[in-house]
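Listed next: structures, encoded as structure tokens.
What follows is subunit A paired twice: with subunit B in the first complex and subunit C in the second.
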Partner chain A sequence: MESSITQAPSGKLGRAGKAMKIKADRSPSERAFVGFIYAFTGLFALVCLLPFWIVAINSFADESAIKRYGYQLIPRIFSTGAYEFLFRGKQVASSYMVSTTVTVAGTVLAVLITAMYAYVLAHPKVKYRNVLSFLTYFTMIFGAGLVGFYILIANWLHLKDTLWALILPYLLNPFFAFIMVSFFRTLPYEINEAATVDGANDLRIFFGIILPISKPVIATVGLFYALQYWNDFFLALLFIDDYKLHPLQIMIRQLISNINIGAYVGGSQTNYGQPLPTYSVQLATVCVTIGPIFLLYPFIQRYFVKGITIGALKG
Partner chain B sequence: MPIVREIVRNKYLYVLALPGLLFLIVFAYVPMAGHLIAFKKYRLADGLWGSKWVGFDNFKFFFLSDDWYKVTFNTVFLNGLFIVCGLGIALLLAIFLNEIHSRLYKKIAQSLIFLPYFISWLVVSMMTFAFLNTTDGVLNRVLIDNGMDPQNWYLKPGIWPGVLTFIYVWKFAGYYSIIFLAAITGISGEYYESAKIDGATRFQQIIHITIPLIRNVLIVLALLGVGRIFYGDFGMIYGIVGDTAPLYPTTDVIDTYSYRALRQLGDFSKSSAIIMYQSVMGLVTIVIFNAIARRIDKDSSLF
Partner chain C sequence: MRTRKSLTALMIASALAASVAGCSSNSNDADAGNAGSASSSAPASSASEGSKATKLDPVTLKIVLPGDRPADMDAIIKEAEKRMADNINVKLDLVFVPWSDLAQKTQVMLASGEDVDLIFDAPWLHMEQMISAGYYEPMDDLLQQYGQDAIKVRSQQMFDANKFQGKIYGLPLGNTHLAGRTYLVRKDLREKYGLQPIKTYDELIQYAYKVKENEKDVVPLLAYGQGASTDQAWGAFREYMEYPQFIRSDALGQSLVLYYKNNDGKVYNLFDEMEPTIWSWIQDARKLYTDGLIHPDVLALKDIDSVINSGKVGAAVYNEFGVPSSLNTALAKNVPGAELEAVTFVKMEKGANITNFKQANFQAIPKVSKHKDRAMMFLNWTAQKENYDLLAYGIEGKNYEKVGDDQYKQIGTDYSYFPYAWVWNPTTDRLNAGFDEETIKHYQFNKDASNLTPSILTGFSFDPTPVMNEISLYNATEAKYYNSLFDGVTDPDSTWASLKKEGAANAKKIQVELQKQIDAFLAQKK
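Let's turn to the complex of A and B:
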């Protein structure tokens, strides 16, 4: 990517010397160009950050400040009232339980099923793997459609208002399956042959040998699934009416569209004089929902980068 | 029979594949029977098999109304905007990020730019509301502070293709820039070195080396996007626009329209006809454009 400049002079000046050398190499128009590049990317990055800031900081704003001054860059009056209200109620706890359960159970099951399936698609011994591949691929280009899907889950399987309605539909994502297929294809078949000689059957080979060495792709695909489950609101929107089973995303939606926040959040009104912290509670719920993602972001970012690169470029 | 022999010979492998296969059958293929409802007058009491056939009546109803054109146009137009702006800005970002020598700056910028990809559309909707809210939104407050009139942004359908495109770019430019960056780092340094020897500026190097060599990636991504042009992003549009009816003229896409027909009107037949229409159009465009994309870049594992 960078040309001869990357051969950093290993002399005493090192990094600084390289920078000086670069600066000296450039004409004014080049430097303007570079300046523009830094400004553009910096501005874009700031615009990406800004909404997060507004949401986070205003969740700590006093409701009266929001009503008087609107959503501010730096709130004039701080208060943790929104969070107090939120955590005193029962809804956020149950929504958190639902979201977490669905995400954990869904991810574990999905990764297991996808890995098993992808392994077979990639296995040279399987004569019909191209048929299976095509059947899988076909579902990516022609869907069953909303109506069939809805009737299946609600009427035929009777899964309305159950956690399974939130878990089952995403257990095998063809795109993620093909990422795993790519990976399994890179494993040398000698491993299988050696294990077979030692008397292992295919199940033992898969669970005992292949899975342990597939940790990177499992982690990557697992994170993709986890993100999908955590962020989904479509399934709950369609199939969950019982508010005790509302995942966090639907809780946010309820707060936006529902006027009766007090009853929904389940917080008891201890101070009747105080206004219901409507706006700040909405933001507090959002913060609580994206909190885990924010905290885990530094650790999981590179898995997603890896996964996207592999998925798109087979590289 | 050969198939039985094959399964018996590799029985453990087929056992492994069984859950996945079962899933595909139950959740992907069985519901395709729902497409039949497009040709029936569906009544809950009659179920799918009991409802009577009405041929193409449901389609007639849909195509004779104004709605089909508006909804199709919105879907195609919005997706088109998303593809052009999303990929375009992602490409710029990737090229620019590649030029940045300060590793710290680059790392922080990349992390921030990628971050929006990770949050759900409901959260994005909340953020949009915080900015565009009539009484308390950041934008209107800024206008008031500067002596201008606040506007009710949620009542102006005309601006929303722009708003949605902005949001789309905000959320996905980072994601696509990763793909472009991977392609850029794959370019051999020798090209740049010989160009430098020939006296090319960095800007010229970008124009004449970087861009042509990742052109294929851009084209493939664009073609794949166009293939799916009849599929609107339901999560995005329903999450952000929701049931704000004044905005339907410019933001209602096939997916939200059919969702409302199903869930709010309870009209399974109408919804099914629209979805059948979308699935057929979608199949045609996906097959055509995927085939073109495959011609251009045989190695890509996107298919």
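Let's turn to the complex of A and C:
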């Protein structure tokens, strides 16, 4: 373990050479073992892929085929009817705009503010940093409850039906702030001293030196924030009454809500049976809404792993 | 270096922009609010002076409704606002809340004192609770002053029976005085076996056995087994079709454990004495389940409609009379030649059915509303036939077609059906022209309040506060056993024993409290 970490920076070439050497030296039993590992992981990956495959491919299936034969690996009749239905209205496009705007703007602002706040908490020359730390920690345990939160956002800040209502409440997440604090603490304070001697002020030190060398933690926290903003439906549910500002997740929320309607309206003699979108439309909705985040994952995953170890090892 | 500097500037600028934007929207809203309150006070005074000729200032009403926003909503709002411009001059801001979040969101909205002018509420949601908390305005005076049409289209019984704590806190919404109950039966299968139209429950079961014998892929019977839809469990559903009636109590929702019978003002408790008829329903359901007639997954199925229209069900229970046309169209698309017919054993004789005229849906005016008078004017406006048609069915020729005076045919799905949430009344409501004759007769019969026997408890409303704890404990117990008992999924004797062991004590306390309140109510009535 120890050695592998210290060896890691020795470069790609060394590792590649080592791998080739192992390949050449394989004994039959070792080869069988490696083969088994491949088969097992391959199979496992396939099992993981299967549910998604069923959702994706059946969103292109003909509705009556789904009804009659159920979900199939390869649908008997293909149709793009579900997508045509979905894109007929403007809701998907406008929801995409809202979700994207909120995610991008929210993530940039949130990372900036969290980083600045965490820097203050981590800075050894800030007198009240422990008090601030405690206050931050305090909010993780005690909340004001839903009504208080609602009154703050809706009645005092008057943010109802604005995109700020979707962005502001998540700008400073205490947990992410502490991840950043633990990273900043590992940076040698001598850097600050050297920069001060060279005539840099605090702003310059932070934006010019600290931020550039903190890219791993910024990437990690940025990803966490992006996911949070993208997946959130709760704020929109509370604060966005104007359907033109509904983000994508509300679409899914409504879908699920209508399917489970019986569980919510029990005890009423009225039949509320909402006309549900057909199965293929439900699947298509899922496919459309997971799009961007799903495509983003493979590219950002490595930061995720790195970021989690940053928090874990040094926190 | 220059790029760094500009980046810094950019970030600071964006942070500043955030705070400024927050402030600016703040001041805008405040202005709008002031303007609104100013304009509302003016028409109120002018209207009370009786000078109707003066044009009212435009006012936007914020109305909270359950469900999804229909695709064509904007077009209908536009048309409605056009029609209202010359008289009540109201603009509509409709907020749709998903069913799953209705309880939480409306409660938070009311608790925070947000400016809402009309809000959907119901006894099964949190109507009593919100009234006790003082969030709703009593409507009696407003109705007298501005709501004459809204009163006219509803029966007196409807208002009398739906008071809370002696006052009208919500406009009752309902298109009939008796909730319809139906078995949806596959007509094509019945005819295939050469059976006559089904007239009795025994014939229904005969048909179900035929389906079992002949169709491999079709499950004969389907009922509900999820969550709170206990009224539609197979055995419990039979109560609506058999006489004498056992009426579910006011305290435990759709549970049959506490019930009324003979219209005698007494609360009966199944734990004290098992009613033989009800027990026979339970045993019958068990037999049907073990014989493989009731759907084996009945407790797990959520989306009953799509199970029905996949053509894999022989007969299913359904709330309301008649076959909804959406089901028949979907079924015919999936299984060519298949058709559903409505079978009901609800009697159509004068006085055969006892009812307390309770409605399940209301529109309330919150105390915080600045335009209570205009909200009532709007409700009144919706009671006029042509306006009702617009709001309930959409634009004529585009969303629906008139069939005669009291029927309609829906076109497309762009204006989904939700009049129950804001305008429903028995007089101007149209029936689906796709209904069969028998169904239409049922609806028309039950629109007339005098065709029903009023329950001795009409107008009574139960105040659950003294036994709140017991009720929630009992409901939690019942949720474990009730549906599986009445759908025949588990053994009746042992299930009933468990339910009795865990629930009897709480049920007893609730029964005693309910009886106490009923006695007080009846004494006062005399």
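Everything that follows uses one rule, which is that the second predicted complex is superposed on the first by the 238 of 315 C-alpha atoms of A that agree within 3 Å, B and C clash if a C-alpha of one lies under 4 Å from a C-alpha of the other, contacts with A are read in each partner's own complex, and residues count from 1 in each chain.
Just so we're on the same page, contacts are C-beta pairs under 8 Å (C-beta built on N, C-alpha and C of every residue); 3 or more make two chains touch, one makes a residue touch a chain.
All of these numbers come straight from a predicted model, not from anything done at the bench.
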Touched partner set for A:Y189, first subunit B, second subunit C, both or neither: neither
Between subunit B and subunit C, more extensive residue contact with subunit A: B
First, second, both or neither for A:W164, with subunit B first and subunit C second: second
Partner chain in contact with A:Y150 - subunit B first, subunit C second, else both or neither: both
Touching partner for A:G89 - first (subunit B), second (subunit C), both, neither: second
Which of subunit B and subunit C A:W53 touches, first, second, both or neither: neither
Touched partner set for A:F78, first subunit B, second subunit C, both or neither: neither
First, second, both or neither for A:L227, with subunit B first and subunit C second: first
Contacts of A:G42 with subunit B and subunit C, given as first, second, both or neither: first
Touched partner set for A:V108, first subunit B, second subunit C, both or neither: second
Doubly contacted subunit A residues - partners subunit C and subunit B: 67, 112-113, 146-147, 150-151, 155, 168, 203, 237-238, 250, 253, 256-257, 279
Complex contact set, residues of subunit C against subunit A: 4, 7-8, 11, 14-15, 18, 21-22, 25-26, 28-30, 62, 66-69, 71, 93, 95-96, 98-105, 108-109, 111-114, 122-124, 174, 179, 224, 226-231, 253-254, 302-306, 309-311, 318-320, 324, 326, 333-335, 360-361, 413, 416-417, 420
Of all residues in subunit A, those that touch subunit C in their complex: 63-64, 67-68, 89, 108-109, 112-113, 146-147, 150-151, 154-155, 157-160, 162, 164, 167-168, 203, 207-208, 237-238, 241, 243, 250, 253-254, 256-276, 279
Touching residues (chain side subunit A, partner subunit B) in the complex: 1-4, 6, 19, 22, 26-27, 29-30, 33-34, 37-38, 40-42, 44-49, 51-52, 54-55, 58, 66-67, 69-73, 112-114, 116-117, 119-121, 123, 125-128, 132, 135-137, 139, 141-152, 155, 168-169, 171-172, 177-178, 182, 201-203, 206, 227, 230-234, 237-238, 249-250, 252-253, 256-257, 279, 282-283, 286, 289-290, 293, 297-298, 301, 304-305, 308-315
For the subunit B and subunit A complex, residues of the former touching the latter: 3, 6, 10, 12-17, 19-21, 23-24, 26-35, 37, 47-48, 89, 92-93, 96-101, 105, 108-109, 111-127, 129-131, 133, 135-138, 140-141, 170, 173-175, 178-179, 182-187, 189, 192-193, 196, 201-203, 217, 221, 234-235, 238-239, 242-243, 255, 258-259, 262-263, 268, 271-272, 275-276, 278-279, 282-283, 286-287, 290, 299-303
